[in-house]
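Structure incoming, see below.
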C-alpha cells in the first residue's frame, strides 16, 4: 500500500522533472525544418557574444571563488579557534543572503556606490566588475561558509595549530599549508556550487549592466526561437557538471579517508 | 598560547581583530546596502524622515503586485513543499530500492540550482505555444491547452515553472529531517496500539513540524525574491514585486525614487518575517532532537 | 497450553537464515531471557513476537489467540527499546499516556493511570518534563512506564539496559524485575549480558546460530549446561581433557586422579572427554571432602574484592579458580606451588 503511493509519488516527480528537460533538448534540435539538427548550437557557438559573455562570467566566477575562499576560510578558522562566542553572529550574517533577496542587495549597491558617493564603484567598468564580484560573493556566502565550517569540524583545529606553532610556523604558513589543504574538499565543493550559481546569475549582472552570461541568455530569449533552448541545454550541462564534480570530490575524499 | 588567550582580557581585542576582514565585507556589501534601502524607505526626496513612501505603496497596482507575489510564493511553497515531502518520504519510508536515493538527491541538487533564465527556456520549449507537450497533446488527443485556458505566461504557468526548483529544494532540506525520525519511534507507537495515521499525527508530524514550517519559510523567500525566471518567462510586464522593483531600478518607472526603497523594504520585511519564524522554530526543534 | 507459545518459528532475510525452528512455551507471569551473542537471532525472535517481522514459517500464540498475522498495533504488547525511544515532542506524562490515548481511553482515566504508573516507577513528579530533560536511567524508567500503562499481555525488553552506566544498569534491572513480579506480567528479555540474564530470569534461553541451545532456570543453565556453547557463553569455564576410567561408575581421570562426575558415562573406557570446571569448583588447600587434591603452580593472582581469582597450572593445563577473600589469610603469590582440591560433583562433562 505504502509502496504503491511511494512509486506514484516518485514517478509523478520524474515525469514532471524530465519533461521540461526533454522539451528543451528536443526543441533545441528543431531549427532546421523537418529534421533534427545541431544548427541551433552551431548558431550559438558562432556568436562571438556568446563566447565573450561566457568568458566574462567564468572570469567573474573564478574571482568570486578566490574572494570567497580568502574571506571564508580564515574567518571560519578563526571563529573555531579563538572566538566560538562569535559563531552564532557570524552564522547569522552568512545566512542573511538567503533572507534578503539579491535584487534588494544590488539595489542597495547601486544607491550606495553610485558616482556621487564616497566610493563611486559604479562609475567605471572595473569598479562595477569588482562590485559584481562582491555581490556574487554574498550570494555564495551561505553555501561557502557552511561547507568550509563543516569541513573544519572534522579536523582538530586547535591541535593542528598548536603543533604547527611549536614547529615555528607563522599564521600565513598555517593557513596555506595546514588549514587550507585540510578543508580543500569543502572549499572545492563550495567552489563548484559558486560556479553554478554565478554562471546562470541574471539579476545582479543585468541591474549593474555588465555583459554576463545570464543577461545574454535573457536577451537572446527575447529575440530568437531556437537558440534559447540550446542555451538552456548548455546551462543545464554546466549545472550538472558542477554538481557532478562536487559529488566527485566528496566521494574521492571519503575514499581517501577510508584508505588512511 | 591558545590556552593563555582564553582568560586574559588584554588579548581579547586582538582576537576580535581577526574578524575584521569579514566584518568589513559584510558591512560594505551586505548590511550597509540593506540599511541604505531601509533608511531610504523612510526618507523623502529632501532627505527628511517621512512615512509618505509607505503610504504611497498603498496603490492598487502595488497592492496587487504584493498580493500576487505573496500568493505565488505561498502556493509554490505549499505545492513544492508538499510534493517534495511526498517524494522524500517515498524514498525514505516507501520501501523503494535504495539505489534511487543517491541519484534523486544529486538530481535535486542540480534542479534546485537550475533556476533563472534557462529554466524559463526549458518550460517555454515544453509548455509554450509550440512546446513539446502542447503539440503532443494537440496532435494525439486533440487537447488544446490554450483553449482550456492554460497559458504558461500566466500566474499558474509561473507556479508550474517555479515548482521545478521548489520541489528539489524541499527534497534536499527535508530528507535529512526524515532520516532523523528514528525507527524506534514508529515501532514504539505501533506496539502501543497506534495506527500509521495516528503515529504520523501524534508523533512524526509534530516532530517534523518545525523543519516543515521552516522549510516552508525558506521556499517562500526563495520564490518571493526570484526575478530571473519570471522575467525571462514573461518579460517586464508581469505584476509581481521583484519584477516591479527590477523595472523601477532600471528606469525609475514609478517616478519617485524613494518609492523603490519602500518597495524593496517591503520585500525585506516579508522575507525577514518568514525567516524569523524559521529560526524560532528551528531552535525549538533542535532542543527536542539533541 | 502455555500463555505465550512460539512454535517452529523460522525467519530468513534473503539467503540469511536467522532463526531456525525455534520453540518456546512461556507460562503466564514468567520472566524469560533470550541470551546469546550478537547475531544469534534473539532480537529477531523478539521482533517477531512484537510483530515487526513476519515469521517465514511457524506460529505465535498469546493466551490462546494466534497472533502470527496480526499487526503490531493489534497485539496488545508492551515493549522497551535499546535506545531511548521516547517521543521527544511529548512530555513524560503524555508519553506514558500515549498507548491509552490511541485506544480511546478518556482523559480522567488516562491521567489517573499515568499518575499511578509514574508513582510505581518512582518518578511521580516528572510528568511535565520532556524526555531531553531526563537522564538516561530516568528515560528508560519512563519507557517502562509507557510500555506498562496500557496493561499489555506481554512485556518485551530489547536490551533496555545496554546504553546505561553500570550502576544504573544494576538498579534498573532489579527494579524491572520487582515491578514485573508485582504485576505478574509475562516478560521476554533480550540480552547479551549473562550476568543480567542470570540475576533476573525465571528461565533463560541460550541462543546460538538462530537456535535455542538450552532452555532452563539460571541454576540449571549455569551448573548443568547442555552444550559446549552454553557452557562457554555463560560464566567462566575451564575445559580440560579427561579419560573415561569406569563408564558405569561415572569415573573420569584428569591429571592422574579420578573424579566421579556422573552416575554413568556414555563413552567406553579409555575414551577422551572434555571436563569443564567452574572457577568456584576448585578449592584452595586440601579439603577432605574432595576426591582429588592437585599440586598447582600459581601463574597469576587477581584481587577482585570479595573474591580472588587465581590462575593456576595443573597437569600442563591452565585453569582459573576463585577463592573467597579472608582478611586472616594472605593470597598465594605468583610462582608458589599450592594445593587445590576438586570434587567430581562440581565438574561438568561436555560432549
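Going in written order, the chains are labelled A, B and C, and every chain counts its residues from 1.
Keep in mind that, in the parts below, contacts are C-beta pairs under 8 Å (C-beta built on N, C-alpha and C of every residue); 3 or more make two chains touch, one makes a residue touch a chain.
Because the structure is a prediction, the values reported are computed rather than measured.
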Pairwise touch network: line, ring, star, complete, or other: line
Of A-B and B-C, whichever chain pair has more C-beta contact pairs: A-B
Length of the line joining the C-alpha centres of chain A and chain C, rounded to whole Å: 58
Chain centre separation in whole Å, for chain B relative to chain A (CA means): 18
Length of the line joining the C-alpha centres of chain B and chain C, rounded to whole Å: 55
Residues within chain C bordering two or more other chains: none
Contact set on chain A toward chain B in their complex: 2-3, 5-7, 9-10, 12-13, 16-17, 19-24, 26-28, 71, 74-75, 78-79, 81-83, 86, 90, 93, 96-112, 134-135, 137-138, 141, 158, 161-162, 165, 193, 196-197, 200-203, 206-207, 214, 217-218, 221-222, 228-229, 231-232, 235-236, 239-240, 242-244, 246-247
Interfacial residue positions of chain B with respect to chain C in the complex: 182, 184-185, 187-195, 198, 202-203, 206-207, 287-290
Parts of chain C lying in touch with chain B, wherever the complex brings them together: 50-52, 71-79, 81, 83, 85-90, 98-99, 101-103, 130, 132, 143, 146-147, 150, 156
Partner chain A, residues of chain B touching it in the complex: 1-2, 5, 15-16, 18-19, 21-22, 25-26, 28-37, 40, 83, 86-87, 89-91, 93-96, 100, 104, 106-107, 109-111, 113-127, 131-133, 163-164, 167-168, 218, 221, 224-225, 227-228, 231-232, 235, 242, 245-246, 249-250, 260-261, 264, 267-268, 271-272, 275
